[in-house]
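Pasting in a structure now, in structure tokens, and then I'll have a few things to ask.
Labels run A, B, C and D following the written order; every chain starts at residue 1.
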Amino acid sequence: MQPSATVVAEGHLIDSQLLTGIFDTVIERGGAFEVLRFDIGRTNDAFSRLSLKVSAADDSTLAALLEALIPFGCHAADEADALVRPTDRDGVAPEDFYSTTNQRTQVRVSGRWIDVGRQRMDAAIVITPAGAECRKLRDLRAGDRVVCGLDGIRVVPEFRDRDRADFAFMSNDVSSERRVEVSVARIARMVKDVKAAGKRIAFVAGPVVVHTGGAAYFARLVRAGYVDVLLAGNALAVHDAELALFNTSLGVDLDAGAPVSGGHRHHMRAINAVNRAGGLRAAVDAGVLPSGVLFECIRGGVDTVLAGSVRDDGPLLDTITDMVEAQDRYAAALQDVGIVIVLSTMLHGIGVGNMLPAWVPVVCVDINPAVVTKLADRGSSQTIGLVTDVGLFLHQLAAQLAPE
Amino acid sequence: MQPSATVVAEGHLIDSQLLTGIFDTVIERGGAFEVLRFDIGRTNDAFSRLSLKVSAADDSTLAALLEALIPFGCHAADEADALVRPTDRDGVAPEDFYSTTNQRTQVRVSGRWIDVGRQRMDAAIVITPAGAECRKLRDLRAGDRVVCGLDGIRVVPEFRDRDRADFAFMSNDVSSERRVEVSVARIARMVKDVKAAGKRIAFVAGPVVVHTGGAAYFARLVRAGYVDVLLAGNALAVHDAELALFNTSLGVDLDAGAPVSGGHRHHMRAINAVNRAGGLRAAVDAGVLPSGVLFECIRGGVDTVLAGSVRDDGPLLDTITDMVEAQDRYAAALQDVGIVIVLSTMLHGIGVGNMLPAWVPVVCVDINPAVVTKLADRGSSQTIGLVTDVGLFLHQLAAQLAPE
Amino acid sequence: MQPSATVVAEGHLIDSQLLTGIFDTVIERGGAFEVLRFDIGRTNDAFSRLSLKVSAADDSTLAALLEALIPFGCHAADEADALVRPTDRDGVAPEDFYSTTNQRTQVRVSGRWIDVGRQRMDAAIVITPAGAECRKLRDLRAGDRVVCGLDGIRVVPEFRDRDRADFAFMSNDVSSERRVEVSVARIARMVKDVKAAGKRIAFVAGPVVVHTGGAAYFARLVRAGYVDVLLAGNALAVHDAELALFNTSLGVDLDAGAPVSGGHRHHMRAINAVNRAGGLRAAVDAGVLPSGVLFECIRGGVDTVLAGSVRDDGPLLDTITDMVEAQDRYAAALQDVGIVIVLSTMLHGIGVGNMLPAWVPVVCVDINPAVVTKLADRGSSQTIGLVTDVGLFLHQLAAQLAPE
Amino acid sequence: MQPSATVVAEGHLIDSQLLTGIFDTVIERGGAFEVLRFDIGRTNDAFSRLSLKVSAADDSTLAALLEALIPFGCHAADEADALVRPTDRDGVAPEDFYSTTNQRTQVRVSGRWIDVGRQRMDAAIVITPAGAECRKLRDLRAGDRVVCGLDGIRVVPEFRDRDRADFAFMSNDVSSERRVEVSVARIARMVKDVKAAGKRIAFVAGPVVVHTGGAAYFARLVRAGYVDVLLAGNALAVHDAELALFNTSLGVDLDAGAPVSGGHRHHMRAINAVNRAGGLRAAVDAGVLPSGVLFECIRGGVDTVLAGSVRDDGPLLDTITDMVEAQDRYAAALQDVGIVIVLSTMLHGIGVGNMLPAWVPVVCVDINPAVVTKLADRGSSQTIGLVTDVGLFLHQLAAQLAPE
């Protein structure tokens, strides 16, 4: 007689492919299932309800299986409180800590289900006097009360909403064989909706924005108030400054499309000029940096964070060279954003994706389909991938949102 | 004492990297060289002149080496007539036939250098009463007088022209990190120049032109008279007809950006409708095909050739299913073209590239850099590669050439 | 009161994501649904049964919606015979002909459901005295009795089989970040299983097999009896012959990895030599072609079809230059194959994919993820995509199947 | 009468394409040239000598032009000492500082040409009592004597060496259509040569090494003594530890090729386990980390540097989170390396490329051709790009260097 347990789940189990995921998971992991009860939602709006008996060859397989079912919204039919244990030292968790997904999560404490705050993936859940929240391992302090094991944890997967106008649009596969103009119109409308709803709009941008001639269009978006947060690296700011000071990007004249004499040194001269001025803001104030994306962001009060990397030149004084600080600053800037648009940067895009809860829509634009696929792979239905030229994309987006 | 020979060459040997190529070739093939005389062009306009003694370990290595130097413009200091031998049967050449490059070529007959006509790569040279011309192996007939061996053959490599405004532009590497808008402006100017010079403009287009929303822009270019030749396959015409009849491409509504009910059958219904009408022209005349790229081409008298392939649906009655005929029709349509623009089709792009002499400029536009690199690799300095979204490219090009 | 209809479906509706597809389709097309009855399969082996009322704003929307539900296995609860109409002329179908998918299909004739033979996508269904079968539009003859409309048509979607050992393996996404050695072992086992079951093994191969050094490994697979069918183009045979005659591929010495003198002409010399001999078989018999993939295929009696294309050099006498004939020969060779392995050829791979029923497993190997994604997108769960170096892949596969 | 100047250059000006570059540069920048004297090297070993008069429309254009000619080895015929000026504050250079290339450089001080030490690109040159050396801008201190302007600076471009066996091999274009096995054999020989010469071998590796199953092969290379330096990021170590602890990589079982239950948490558990132990070395000592790439590197005394990034999970205690420190540690580890092999990491690969002098050979292996092209674009003939599967590449390399 195999060990077994009963789990329950409810929601849009079919359309969100949760039921498939649950059954697949049981079989893949070598278990078996019996549907005790399944009430299907009779219409598109109605929820479905599942009660499922799961069995496996031994207790440890069963435990692993039950853990694997959590992200699909399954929880034990017999409810129990979460196991909470204090960690014994700074920066690490107990060995059996529960590592979060980016889905909405609840934990049961003293018989009551409470929401987990600051949801993100790959974190521990800490119980505080005020409730429960996600915390990175490195931010744990000895004595923090960490949720361990699997009891008393409930995940509420993001449901797909078929009635949203952008449903079919968002469920498209990644492909370069699409009409991008339609996608831009949709994204423009989503951006306007987020702004109208009073939520913040974040862009994550790589230097290719400058190389492909998108900087002027992006600057227009900033001026028009469509950029609340800019997360980038040192290189975007360096090449933006190079463009402002020399009208080149990587030494290529952006009007002529050809390299100019000595142009390969322009980015170093730009770094030196900005740092001599005392950094980007001082360079704007002193008139050293007279235009560009960063110029507009500084003047427009955009929440801007530049994270360093091992390939940086310089870096600019404004670039945060410590990665722990950079991640914390990124995460702080992402609070309450309503949409994130990632422009040609796998590095910062993945960094941002790791910090976001599953319900924040993310738009990834890159000419390389492999980058779009990788960024879109967040276990979330809220991601739109667009394979296109980022300079021309920004041209189209500015034409929609900030016509001249 | 090793066997040796003396070759001479003249022209822009340095800027066209011919001298490097000559020296590299000698060493790579295990030979040795001694510069007998080199007169450098003192200014940018002046030619250089080289006289070079080449030696190798044995006669056959030396012969192979001398053959390898031909494409660089080297020819024997001691001139001899070309060896001409009749082929003994249809469709094949003598074993030692000279296989052409796409560079301008001359052969020496009865002590006189004559130009080879219909220059293309991978052909045999046939001596006719009227002169000399390239002929495909399959077009040879028993008794045709074919140039064999290496004597009396002279190649005049295309020289790079540094003073052309698009020189620096054309020597750029293939990269997706460019400002496409600048490139479009250059290409638009080249197209206008070709038109002004009374030469023909050819486009080679894949179905991605339709999928990415470029059909309407391309149709505008046709109406404005910027398309003299259209070389494509069955799929472009099928999806163009699908768009005209159902407003979808591969079943995706091009305005909504989402698949429509039953849309995966639209292309088959489009094929059936056109073929019921008796083909594309009949369908235009009967009002069955009321708009689109092919509609404009038929109305505008564009020289249009659709070549079949093993992956075709249908095909349309207009599609040439025999590849030998299709190649011949392509080659005929390409006579006297002044520029060729290849839009997202590796298959037809390579086919066309094989047929063109080296001096016809080719522009390759594709979102996949590997395709652009492959098409651009024609042993010619006359190729421009552009890695970008083809729908947005056509939008920009139409805005330059055929503003609404 | 909106028009409505009731459809029924049964099978592994949940695990095969059919139920999701049905609901999505109704909503996307602007309809509404009510679940009249849903009996879920209680265990992994048991079928589910659905009875669904579908409504839409008007009759034509409803009709389109019902058509769109057919591929998910939905059929009318009230059964009717299929509408059969004779076509009025050769090569085309009635306007409202039913265009097939690649899924197993049945039609109702005289109150009896009969299986459709020669299943493939994009065909018409013809009722013959012997039954029903798929026929390409071009093969229709005036008077052929063609199934039209939507009544009396039932599709039986391929169900995913969770208990198959390769289930989890096959449901992986396309990615270059995988351990290829594991995939090769799985594929080797699948190939052995197909052979043991007495079914045929087909390879579809591009010239990259030769360029990447895979020809010797592929030849070993032929010798070991693991290749029953070879579908390719002219280029594979040309470069295979070039390798056999000159030890180069595209002029590159495959042992030294460097171009050799005059090597760019080797492929033309190889074509000339084979065609002088009278074609590939004659060249093998005469000792002109002493080794290689085609040599082994000819000696081993492999069913080999070379399809021409517009980019071909030559072509070889063996290459079928008419695309209609080439497609027919491909399709004939694919009868009763148990697995198809596509090696680095988008052109022939798509051609083959169009001909196959959904239940034949297809393995696509290419270093370009976009090619793999495109080939794998057949509306079938029977496709495995592998992003890797095809030369090294063949090395590994030969080591598993045909160790030296 | 236009301003003009005379420059001289010597070396393998033709085969290294320096002469072409010089002429191109003059014309592209709108100047004119007159060859005063050119003595060509009569044989492959002999140097060429150029004396060139360059003129331009005005003094500033001429100055820019002369600057642009420096990287080609041109220097003023009339020698002058370098202009040396103290910088006025920490971390920045005088505005007209000379920004270095990665080519061998000399500066003229007190009438004597001295070699610049620690050559790298994008640095300032500082004159110290001991000589001259490259220094990053951020490392400059007020009072440092920095070379400014263009006088007294001489670059000695790396000459191509046609007689090296790997010459033709190294001058190949980047392509996925190559026989990788030949390239592996060449690289293995180069690695052995470097080892035999007593120089150090550096690998720069991304986590794809683990995902593609290459970790075991890489570990064998470490054990066999072929890895002196390992430069990587946090992710390589995390997934290597995940493999050692759970036999998964990103939650995928590397033997089964399929995801395992709860596997997406394995990397966080691995981080927690290593950090609980006190870092990688402590984890090895305590037996927590029993195998893998990092295990072998720690036991084998490999100079290992892990640089952080904004997308890191954890990070491990061993990861250097400050980018300035990480760059400095990378640069220190790269002193005296004889070859660098970059495996599937654009981020760290570019970082390393920025630090290396032009004469250190770099091998870039990645399945994405765009990454290889980008990494190979260092203005150096010493780069080999290989487009292939990195797991299979390491299998082949280990078979050559460290057979079991």
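The working rule: a residue touches a chain if its C-beta (ideal position, glycine included) is under 8 Å from a C-beta of that chain, and two chains touch if they have at least 3 such contacts.
Just so we're clear, the structure is a prediction, and the values are computed from it rather than from any experiment.
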item	value
Centroid-based (C-alpha) most distant chain relative to subunit B	A
Chain pair showing more contacts of the two, B-D and B-C	B-C
For subunit C paired with subunit D, centre-to-centre distance based on mean C-alpha positions, whole Å	45
Subunit B and subunit C: spacing of chain centres that average the CA atoms, whole Å	32
CA centroid of subunit B to CA centroid of subunit D, Å	37
Subunit B: positions in contact with at least two other chains	28, 168, 176, 258-259, 368, 370
Complex contact set, residues of subunit D against subunit B	14-15, 17, 19-20, 23-24, 26-28, 32-35, 38, 40-44, 162-163, 167-168, 171, 173, 175-176, 369-370, 373, 377
Residues of subunit B touching subunit C in the complex	25, 28-29, 64-65, 67-68, 89, 91-93, 95, 97, 99, 101, 122, 137-138, 233, 258-262, 264-265, 267-269, 271-273, 275-276, 307-315, 317, 321-324, 326-327, 330, 347-348, 350-351, 354, 368, 370
Touch list for subunit A against partner subunit B, complex	168-169, 172, 176-183, 186, 208, 211-213, 249-250, 252, 254-259, 367-368, 387-389, 391-393, 395-396
